[in-house]
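Shared chain: subunit A. Partners: subunit B in the first complex, subunit C in the second.
What follows is the complex of A and B.
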């Protein structure tokens, strides 16, 4: 695999995530799309630092931090979504972003 | 010991956050408010006292200098106004949880002003925006949930854009420290991935700066947000993220013309988008929302030519806009506080305002429009002058045209704000809290004085701009 192919895949994943993010009406769907976009960023940094052969250690640090940031954001939004849904007794209609 | 003094504002904020965390969930509303206000005052005093301190921490990743301390002072002043005035304006007062997230958001923005590492900067902004997301969600009423959902969405989009940009930038330059990134960009021919990364980072930050504070909330959340949330987002949030944006633009300056073209396009999109959505006759808070988007675009017109002069102009504009927005919002937040949260502020019917409210409201609106004799005029003059002197005449002309149109729109809003109520107007016009009026008057007088005598403000901004890059 070359760097160009890896970056094209990452860009395609990001575009797919962004398209889904804009199109989704529910918070859960938007959250999944967000995780896809974050995964594309992690793929990009892993590819560009590994395949170009420079600063791979720094790339690993950035990748790990991005994994942590994506997880934290997901937990926060999911928690708020579930709290809101539990308060309403609804999962979709009353949920934020619906 | 002397080195630790530079971190005094952050230490004060961390201690305040810990105390608030211990207090929640608590029954008393007064004690957490006192803790937040006292902690904010101590942190603000520490930031002002350490304006002359210059030091570096964490292997040069955390820099304390005049620029960072000045930004912290503005952020903390916004936090204090939000907690002290916005918090006391609502009954029975904010909960410890709300104040905790307010302090954490301020801490994230304050840290971002000092951070000189792209990765740490990304994390600090994430912490600040997550805290804002939680803060806005805590106080929201049922009707505002749709707006909260939009706020979450516009918080996640810049996170994803920033993450991809950071990934490309780090991979292409092999650096995360701002000085190393600048050196790498200035060295060899910039890698296309570096340019794409810089553009994505700036685009994400621009969404946070111009859009996230207000636009996403309008009209739902903005209408239903507590004065505390709205005041913090509109003042401290706007100024803090704006200062970080200016620093990053100077960091990416070696990218040259491609960066300038990107910024010019972003300026055009932001100003046009904001202008097309301003509806001055219908809702004053909507006007403020979209005005903030236009202001971000106008600041960008100066930054197309990154340098000390444009950075100084941008800093003056950011400070003036934050002060003007605070002035206007304090008067509007005051009206929410008197049990008329859902009342149309500048719609129809409109209550007639007392002079004590009208004067700061009008001065704030004129400053936002960039009209004389307020500091908004000189700030706009410097912004457009910076672009013009660097050969970006068409950008400056576009900014001038937008400013003229903005002036007309805001004058219409001022007329609506001062109009007598119609037959359906409220019998008792809402009166802002006394503290809100006092702070608004102080800010209005400063906006007026610096409009007449802009020299000290300009010199201060130019001195700060030398520390930005």
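What follows is the complex of A and C.
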């Protein structure tokens, strides 16, 4: 296993996330695409720091911070999406059983 | 092929397939399922390169918790289905392909340093780092998550009040 293979996987994830970000028009789709790009960054940081052998733990700390930032962004956009849906009234219309 | 190589190959395939479902799948549920699938693959790649702690974190947060919340949101308020525009899809494919080619060219041409030194990837090492050198970063991440959760609650509450009551909060 080499660093190049791991980085190519990260590049593929980033490219698919960017393409999805451009192609999708809904807030949920854009959020998923953004999270894909964040995951590719996390993977790249983890691969570079682990497979190059230098300061692995420090790189993992950076990756942990990135995971936290990605989750926080997801939670915030989720709240904004639900708020906008509640404002439009689509939350009640789309709710199961309504 | 050794065990780590097999796990890496299978996980990389799962990650890219899941991401392709996010990009090409129709409907919010399919995209969210593809995202969760892709994150399982990313966690597998992390496991194959030796980052166990990171793999567990990705599975718990990005592959389970976040997709569960997104799925609940999509059930409560399904996003409006709009017919895809061909020009937009063509632009997305073009941008994605150009980005991939550019990144792979950069990756292949970069002289990466050879592996050397002791790998500090054990959970005890990470914990020690988080509690000593990186304690500020750890606290900042915790504060960021708390602020994000409070912000999401405030947004939902404001929308509920503008609609006329707490019953409208999804």
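Keep in mind that, in the parts below, the second predicted complex is superposed on the first by the 90 of 98 C-alpha atoms of A that agree within 3 Å, B and C clash if a C-alpha of one lies under 4 Å from a C-alpha of the other, contacts with A are read in each partner's own complex, and residues count from 1 in each chain.
By our rule, a contact is a pair of C-beta atoms (placed from the backbone, for glycine too) under 8 Å apart; a residue touches a chain by one contact, two chains touch by 3 or more.
Keep in mind that this is a model prediction, so the values were computed, not measured.
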Counting touched residues of subunit A, say whether subunit B or subunit C comes out ahead. C
Would you sort A:19 into first (subunit B), second (subunit C), both or neither based on which partner it touches? second
According to the stated criteria, A:27 is in contact with first (subunit B), second (subunit C), both, or neither; which is it? both
Look at A:80 in the shared chain and tell me whether it touches subunit B only, subunit C only, both, or neither; answer first, second, both or neither. both
Is A:52 touching anything from subunit B or subunit C once the two structures are fitted on A? First, second, both or neither. both
Once the structures are superposed on A, label A:41 by its partner contacts, choosing first (subunit B), second (subunit C), both or neither. first
Where on subunit A do the contacts from subunit B and from subunit C line up? 7, 14, 17-18, 27, 31, 42, 47-48, 52, 54-55, 58, 61, 63, 65, 69-70, 72-73, 76, 80, 84, 94-96
If you look only at subunit A, which of its residues touch subunit B in the complex? 7, 10, 14, 17-18, 21, 27, 30-31, 34, 37-38, 40-42, 44-45, 47-49, 52, 54-55, 58-59, 61-63, 65-66, 69-70, 72-73, 76-77, 80, 84, 94-98
Residue set of subunit A touching subunit C in the complex reads 1, 3-9, 11-20, 22-29, 31-33, 35-36, 39, 42-43, 46-48, 50-58, 60-61, 63-65, 67-76, 78-87, 89-92, 94-96
For subunit B, which residues count as touching subunit A in their complex? 119, 122-123, 126, 130, 133-134, 137, 145-146, 148-150, 152-153, 156-157, 159-160, 163-164, 166-168, 170-172, 174-176, 193
In the complex, subunit C touches subunit A at residues 4-5, 8, 12, 15-16, 19-20, 22-23, 28, 31-32, 35, 38-39, 42, 45-46, 48-51, 53-54, 57-58, 61-62, 65-66, 69-70, 73-80, 82, 84, 88-89, 91-93, 95-97, 99-100, 103-104, 107-108, 112-121, 125-126, 128-130, 133-134, 137-138, 140-142, 144-145, 147-149, 151-156, 158-160, 162-163, 168-170
